[in-house]
Amino acid sequence: MTPALRTEGLGKAFTLHLQGGVRIPVLGDVDLAVHPGECVALWGPSGAGKSTLMRCLYGNYGAGAGRILLRHRGTDLDLASASPQQVIEARRETLGYVSQFLRVIPRVATRDIVAEPLVTRGVPRDEAQARATELLHRLNLPERLHGLPPATFSGGEQQRVNLARGFAPGYPVLLLDEPTASLDAANRAVVIGLIREAKAQGAAIIGIFHDTEVREAVADRLYDVLPHQDAA
Amino acid sequence: MTGIDDPRASGTEGYNFAYLDEATKRMIRRAILKAVAIPGHQIPFGAREMPLPYGWGTGGIQVTAAILGPADVLKVIDQGADDTTNAISIRRFFTRVAGVATTESTAEASIIQTRHRIPEKALREDQVIVYQVPQPEPLSKLEPRRAETERLHALADYGLMHVRLYEDIARLGHIAKAYDYPVMVNGRYLMSPSPIPAFDNPKMDRMPALQLFGAGREKRIYAIPPYTPVRSLDFEDHPFRPIRAPHACALCGSTESYLDEVLTDDAGGRMFVCSDTDYCGERQVAVAQEAAE
Amino acid sequence: MTADLPQTSGRTPLLNAEGLTLRFGAIPALVDVAIDISAGEVLAIVGESGSGKTTLLRVLSGMMAPDAGTVRWLGDDLHAMGEAARRRLMRTDWGFVHQNPRDGLRLNVSAGGNVGERLMAVGARHYGRIREEAIAWLQRVEVDAARIDDLPRTFSGGMQQRLQIARTLVTRPRLVFMDEPTGGLDVSVQARLLDLIRGLSRELGLAVLIVTHDIAAARLLADRMLVMRRGEVVEHGLTDRVLDDPQHPYTQLLVSSVLAA
């Protein structure tokens, strides 16, 4: 079976020009593969580069070396060398990402924020909003909040908006960066349910789960991310 | 013979026929030819100082002088009337400097110089009508930059003019422009018809006579060759409508001519009469004859 | 390496330019600039004042000719096509939204007349339909339709800017140039406007080329970003990658100077 996402010799270093050009290598030779229906948890000490790896996989950070091959439209797209337009297209259709932070245009209603990825995929607005409402309900976000912009929401509420937005389109590949960090037990259980359903529908999931309970509930295996050996 | 009509005896010795020197006439004729070749397009020309102030018809006079021959019969009207100061002065000017015959009859004239009207009687192929034009640029009020209006004409970019008409309808429910109503000439150039009433606009369309326009201060000449389509701007759902006062002429009874409102006393008394004096006079004679017969 | 890439994203750009160079005396305003933009894409040009971003916008929109280099619209050389063709583009396939709405609006013409002008410029001659279209666009940009006959000078800055956008988009252009469109507005009004621009771009498949020094706005709005400094493009790519993983020293400085973009 072809992996939904795999990396070959992925490396990443940062050059800080404002600090005299110091070069900080973070990732080296990462070979990771995740198959449809599988959930891989990134595992490693804090500062080992788990979040950096996630961001490289999403194309948010440019890869320094190697390839990131995403199964997109029936063929392998190398996100490390893809054009911005190709990355945008892959993000629209194939690759979803739930970060720890919600970054949206101020004053846009929560329901519209969640529906937007569906709308850009061509789903009619009504249908997209219905799906958004359903997910927000499931994540225990009361209806009265759906029409409000999330700027004034609590951290947990914002995270649930972010989760709804990430799960709404049903991406074939989903990246989850600490999706349950600020959630209570009831909502953690909802997220576990969402992840299991996504897997059942064939989604490949890569996540960072600090919460042992969640990790054990959803992860099929762990992938060790180690601090880079030849750090400068 | 001596008298006011004899150029030699009237102190005009040494003046060229029709006042302008032949080189100037040639320059103006070239501008006229070019104007005829590009209907509705404004041609710059080197307007001369004339022995009357700007605004009194210096452009029209120069065009008339450039096309006038000794055999021509000249009619000059101002607001439709042959007997107003401006009309009389210009007629006498040409009598003096060219010795041409003049007339008040539209039918007898070969050249008609006009300010603010087109005669009611239909003009013929063997006639030329010369309009005095204060502001030749129809877009001047909307776009003050000359270079920009020229560019708009070059590109036939006339949305702006329609914006003006749109504004009228939005504010007043109808197009408010009652005179100097903009026209499209030959489907190409937006043109100012000079301050004639919108009532006269339809007369310009496919007129058999050659129409020439002279603007002295603005130094522009433009023309409409005979039988050229001239269309007043409008909207499909707000079509152009020529407007006249809803009365009959108090003198000749015409219900078709353009009327002037004349105050007759200090007590608010008024009457409506034809603005075209020749037309009105002819009709009065005809009516009187009919009555006598 | 690229041989096995899918070609699905290989759209021909609407506008592309290469080798753009322009000097103002001794000052290099543009240095070998290349850029392209495709349908449905929002491209932000960022940089500090004097970096050449507005000059670039002027050259790309044909308002100014470069010393060297070419700008192509659907493959045709923009600066070779003549002014008539460029102006036709300006009132059909293109739109331009100025920083100051007063530069893009006719202040002595009603809101409806402002929106209707481009329709009339391309031949609309039915007053009722022009008015209907104007009302639909006013509603779309959230200007009260009851104000259709009011002069724009009675509008707030944010309303004027939305009116300018309605006036520009009424003829369904394919590419809109925007020069600091949220420049003079309150922060709260800026947000509405950003949302509006992005929504319209998505809905209409509009390409938007936006010049701004507001990095936070560019992050929310733009798919791609181009960073300019002293007339040069020092970095370009995916917006979030340029901002989160900047490579060039200047971009790193720019990003680190922004308050929580």
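Order of writing sets the chain letters: A, B and C. Residues in each chain are counted from 1.
The definition used in the following text is that a residue touches a chain if its C-beta (ideal position, glycine included) is under 8 Å from a C-beta of that chain, and two chains touch if they have at least 3 such contacts.
Treat the numbers as computed from the prediction; the structure is a model and nothing was measured.
Using the contact threshold fixed earlier, the set of chains in contact with both subunit A and subunit C is empty. Of all chains present, the one whose mean CA position sits nearest the global mean of protein CA atoms is C.
Mean C-alpha position of subunit A lies 31 Å from that of subunit C. Computed centre separation for the pair subunit B/subunit C is 48 angstrom, with centres defined by C-alpha atoms. Centre-to-centre separation of subunit A and subunit B, using mean CA positions: 77 Å. Subunit C has no residue in contact with two or more other chains. Interface residues of subunit A, counted against subunit C in their complex, comprise 14-18, 55, 59-62, 72-73, 75-78, 81-89, 103-108, 119-120.
Contact residues on subunit C toward subunit A in their complex (touch as defined above): 1-2, 4-6, 8-9, 11, 38, 41, 188, 191-192, 194-195, 198, 202, 219-221, 223-224, 237-238, 240-241, 244-245, 247-249, 252-253, 256.
Taken in their complex, subunit B has these residues touching subunit C: 151, 154-155, 157-160, 162-163, 166-167, 169-171, 234-238. Across the interface of their complex, subunit B is touched by residues 83-84, 87-88, 91, 106, 109-110, 112-113, 116-122, 125-128, 130-131, 148-149 of subunit C.
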